[in-house]
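The following pair of complexes shares a single chain, subunit A, combined with subunit B in the former and subunit C in the latter.
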Partner chain A sequence: MKKVQKEKLEDLFERLAGDGVLYLPLEEDGVVNFAPWKKGARVNLEALNTVLPPKRAIFPQTETYMRFETDGKKLQIEQVEPVEGNYFLFGVRPCDMAGIKVLDKVFLDEPEDDIYSRRRQAGTILSLGCNDPHVSCFCSAFDLEPGFAPDADVALWDVGEVLLWKPLSEKGEKLTSSVEDLLEDASAEEERAAEEQRNSAAATVAAAAREHGWNVEGVEEALQDMFEAELWDKLYRRCLGCGICTYICPTCHCFDVEDFGKWQEGERFRCWDSCMFEEFTLHASGENPRPTQKERVRQRFMHKLCYYPSNFEGLYACVGCGRCVRQCPVSIDITQVIKEVGGVKSGS
Partner chain B sequence: MKNLQDTIREIAAQSLARGEVELVIGWEKGDLWWQSYPAFIEEEKEADRLIWDPLCVPNLSRYLLQELSEMDEKKIALFVKGCDALAFNQLLQDNRTVRERVVLYGIPCDGLVDPSKLEREGLDRDLQEVERDGEELVLKAAAGEEKRVPAKDYLYDKCLTCRYPNPVAYDQMLGETVPVEPEERFTGVRKLEELDYEDRFSYWAEQFSRCIRCFACRNVCPACSCIKCVFDLQEPRWLGKATEPSENAFYHIIRAYHVAGRCVDCGECSRVCPVDIPLQELNRKIILDINELYGEYDAGVDPEQEAPLITYKTDDPAAFTES
Partner chain C sequence: MARKSTLLPEVAVVESIRQETPNIKTFRVVSPGGGKPFEHIPGQCAMLSTPPVGEAIFSITSSPTEKEHLDFSIVQTGTVTNYLHEIEEGFEIGIRGPLGNGFPVEEVKGKDLLFIGGGIGLAPLRSFINYCFDNREDYGKIDILYGARTPDDMIQKKDLFELWPQQPNTDVYLTVDKECEGWDGKVALAPHYCEELAFTPENKVTVTCGPPIMIKFVLEALDRMGFTPDQVITTLELRMKCGVGKCGRCNIGEKYVCIDGPVFTYAQLLEMPPEY
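Then we have the complex of A and B:
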């Protein structure tokens, strides 16, 4: 295993930024989000979860993919290249890495989404293990480990003065050799420290999961019979219908396509959509199969905990990052739903 | 003295039992310490779900928009803090609720706890419960440990500047009125006013650039009570769906103007914003301008009072045309 001294991070960032766009958690006005690094930027590797997940680098909130222009009866169409070149995602938490894997299944499955696929390939992901999970973290409910993201290209662990560095993929190996002069060999002691941190973080989340009853076993099957359950009548009532939960979610991937046009020219873009909005699935006829907030709230939980796992071999479209639990202005809490659904099952 | 939470439960149970109302809206508790959220109680036996603690921040008045329209002539009881009462009055003035169908139980409020302020100092570790005891907060941890901290340091900023902690509208007041000692609320606005035009523009451009257009600020706002919001129109599509600087600025500026003169300064917009855009400052700038142009006016205090922006007087100042 390798390591990089924290005092050398600035050099490392400069090197990476010279070879592509380097996204990492930057703090601005007290808000920590993944953003392109530049010299003097306030890097915050301590913040557990950025407000928005790093998925934005691969699946931006808004992206133009076509421009058009008319000239009399002639229409000219130009495709906009989605890939801006290499990029690095540095400091991705294991839950967020798992979130990217959830997106991969959707966008890389046949028919492959070209825009997503090209962006995904252009990136190298360096994940950072969590040492100190928050009380709202529940990744272990989905068999994820807070201290380790097996799907990243490089795994990092913060053990005080240094970040331990372990390449996990071919891309990761390549990156490692390109910055070799900034890395050193990790000592056995440091490796042991990282190991201990991993175990303790996992134990913390697992204990919370036990305490709060966050057990997703059987939730997918139980929900299949719960389309008309009373649960939704209760849950939606306090929902404000805002899009916070969906926009800060590392697995949400619904998008809309719209044109921005001037008189004879314009562009077509896609942008995140949210099942919380009244316009979501509104048909051209004016009919909406989800006419009230009840159906929309149900859709959000059904998609994450029932439809998605039914489509992708039981994989849940929730990674337990806890963002929605923390940010919902009226505390609509997916762990409560999991608990209640589990409860319905075991009680019947 | 009986505590407020017991009183709340008792009153809710009574009014449901007597058939005075068919729905009581209050707050209940989730699994995690900061989760105090709106509760909808329709049966007497459910009244014990209701709670009162220093985290009962969500404004309940707005729920009348959905609950009254769905319930014909049924009556609803609502627990209102100072800010909820202002919100209720504004809905009344905007003709979006019906006074006779609502029973208001007033709760004098000495400020609510901002969870992020506790988190910033690591005081959320193992926290189970937060209680208010006079000028202090009692932080109760899992192992029965207690810690006392000065309450003022951990209240929402909006609570520190609150000028109406005692509800201005109620049918019955629960508990003793609290002293009104607000900090100056226009400090932030004055600071922004000192910037020159370019700097002010770039300040707001930067703030709006973080916007993810989740519409939480609109959806939580008691002054945003339009049946069909202009931002939700497809034909014509005034607000495009792209999150880009001009659309974001358009959204926030138009929204600020739409609630101008009706914003009750409850600060919910700033509280719910996931990316911490200081939206309350934007609305306060307009409040300050209204005060300076038309005389002091506090939306939501008296629904019978003439609102300056919807009242024409021949001697109204015309600041935009006078140079």
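Then we have the complex of A and C:
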């Protein structure tokens, strides 16, 4: 295992930024979000959840993929190439890394989404283990470890004066050798410290999960028979349909496709969309298979906890980051759903 | 050359346009250099693009046995369809496909087929019907029951009144919802007419498409007539954007209409949540 001295981080960032775009948690006006690093930026490696998940680097909120020109009856269409340069995502929390894996399954499954796939390949992801999870963290409910992201390219652990550094993939190895002069070998003591932190973080979230009854075992199966359950009637009444739960979610991937431009020329883009909105499923005829907020709220939970795992070998499309729980203006809480559904199952 | 995105349409030309009803036109689409933009199987769909007003999904109404073009019968009802209804022959549009699974044309070989269509719902069925007629020996008796609100609302009149009734071992039954001047044919709702005609389920597969309310009553009628859910096939259309299982809006439970459908048996639909 390697390590990098925190006092050398500025040098490391400068190096990475010279080889691509370096996204990392930057603090501006008290808000921490992944943004491109530049000299003097206020890097915050303490914050657990950035407001928006880092998925934006791979699946941008708005992305133009086509340009068109019309001239009388003629139409010209040309593909807009996604920006393909290297980039680094530094300090991605394990839950958010798991979120990227959820997106991978959707976009890289046949037929592969070429726009996503090229962006994904161009990036190297360095994850940062959580030492001190938040009270609203429930990653352990989904068998995720707060201290370690196995799908990252490089795993980092903050052990005081240094970040421990462990390459996990070919990309990670390549990056490691390119910045070797900034790294040192970690001591056995530091490795032990990281190990202890990992275990203690895992114990913290596991204890919280036990205490609150956040157990997803059997939830997928139970939900298969709960399409008409009373639970949805109760839940949706206070939903405002604002869609914030979907925009800040590291696994939400639904998108809209729209044209923008004048008659003669313009572009077609895709942008994040939300199953919370009426127009999401509204037919041109006026029919809507999800006519009220009840069906939309049900869709969101069912997709994450039942439909997605049915399609992807039991993998849940929730990673327990807690963003939607904290940011929903009317406190609709996915952990409550998990609890109730789990409860329904064990009680039946 | 970079790989082509699955979301990127090809340019195609609207070779001809035929007015079917006051609000339905059939568009014949070819590649700019002539010929079919792509091959398909009956029941598959395509995204048609009309920049700068967007893209929408339509079923292909021509049979794959028509070698030179793709036909689309389209109701004027939204932004993209308004644009399509305004253009003239020779206009270029974007096309992306084929999308979806299509009808099980191989699996139902040797069976008698009963097609029940309502209004614009004939559009996807027609692809299958004409495919059967171009491979006539592969299929048994063919019954076609088609209903529209009025005779003026019937599409593909040449098929309905001339071509299909001349086919061997084929019966065509037409009906309108209400009495109207100039129509001396059947007046009945399609599901009622279906029951009156007393089709028998032996060695038969029913393929139906039409307004949701018609489908609902057709399914009930077929059930009373002894058809089992796996003998009934229908095709759905939901709002779609990507057409390739990514954008997340056309799911019914875990199934995506764009890739797992649009063709489902009634037996499959019974396994899915009633959200369509």
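We adopt the following convention: the second predicted complex is superposed on the first by the 347 of 348 C-alpha atoms of A that agree within 3 Å, B and C clash if a C-alpha of one lies under 4 Å from a C-alpha of the other, contacts with A are read in each partner's own complex, and residues count from 1 in each chain.
In this section, contacts are C-beta pairs under 8 Å (C-beta built on N, C-alpha and C of every residue); 3 or more make two chains touch, one makes a residue touch a chain.
In this text, all values refer to a predicted model and were calculated from it rather than measured experimentally.
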item: Simultaneous placement of subunit C and subunit B on subunit A, clash or fit; value: fit
item: Dominant contact partner of subunit A by residue count, subunit C or subunit B; value: C
item: Contacts of A:K74 with subunit B and subunit C, given as first, second, both or neither; value: second
item: Touched partner set for A:A209, first subunit B, second subunit C, both or neither; value: neither
item: Subunit B versus subunit C as contact partner of A:L103, first or second or both or neither; value: neither
item: Partner chain in contact with A:L175 - subunit B first, subunit C second, else both or neither; value: neither
item: After the two structures are overlaid on chain A, angle v-u-w for subunit B, subunit A, subunit C in degrees (C-alpha centres, nearest 10); value: 90
item: First, second, both or neither for A:A152, with subunit B first and subunit C second; value: neither
item: Partner chain in contact with A:E278 - subunit B first, subunit C second, else both or neither; value: first
item: Which of subunit B and subunit C A:C306 touches, first, second, both or neither; value: second
item: Which of subunit B and subunit C A:M226 touches, first, second, both or neither; value: neither
item: Touched partner set for A:L126, first subunit B, second subunit C, both or neither; value: neither
item: Where subunit B and subunit C come nearest after superposition, their Cα distance in Å; value: 8
item: Intersection of the subunit A residues that touch subunit B with those that touch subunit C; value: 256, 258, 260, 282
item: Residues on subunit A engaged by subunit B in the complex (per definition of touch); value: 28-31, 33, 51-52, 61-62, 135-136, 212, 234, 237-238, 240-244, 247-248, 256, 258, 260, 269, 271, 274, 277-279, 282, 325, 327, 329-333, 335-336
item: Contacting residues of subunit A [partner subunit C, same complex]; value: 65-66, 68, 70, 73-77, 79, 81, 106-107, 109, 111-115, 227, 253-263, 266, 268, 270, 273, 275, 280-285, 287, 289-290, 295, 299, 302-303, 306-308, 310-311
item: Touching residues on subunit B, where the partner in the complex is subunit A; value: 30-40, 58, 63, 66, 124, 127, 206-207, 210, 212-216, 218-220, 232, 234, 240-244, 268, 271-272, 274-276
item: Complex contacts: residues of subunit C adjacent to subunit A; value: 2-11, 49, 51-56, 77-81, 87-88, 90-94, 212, 237-239, 241-242, 244-254, 273, 275-276
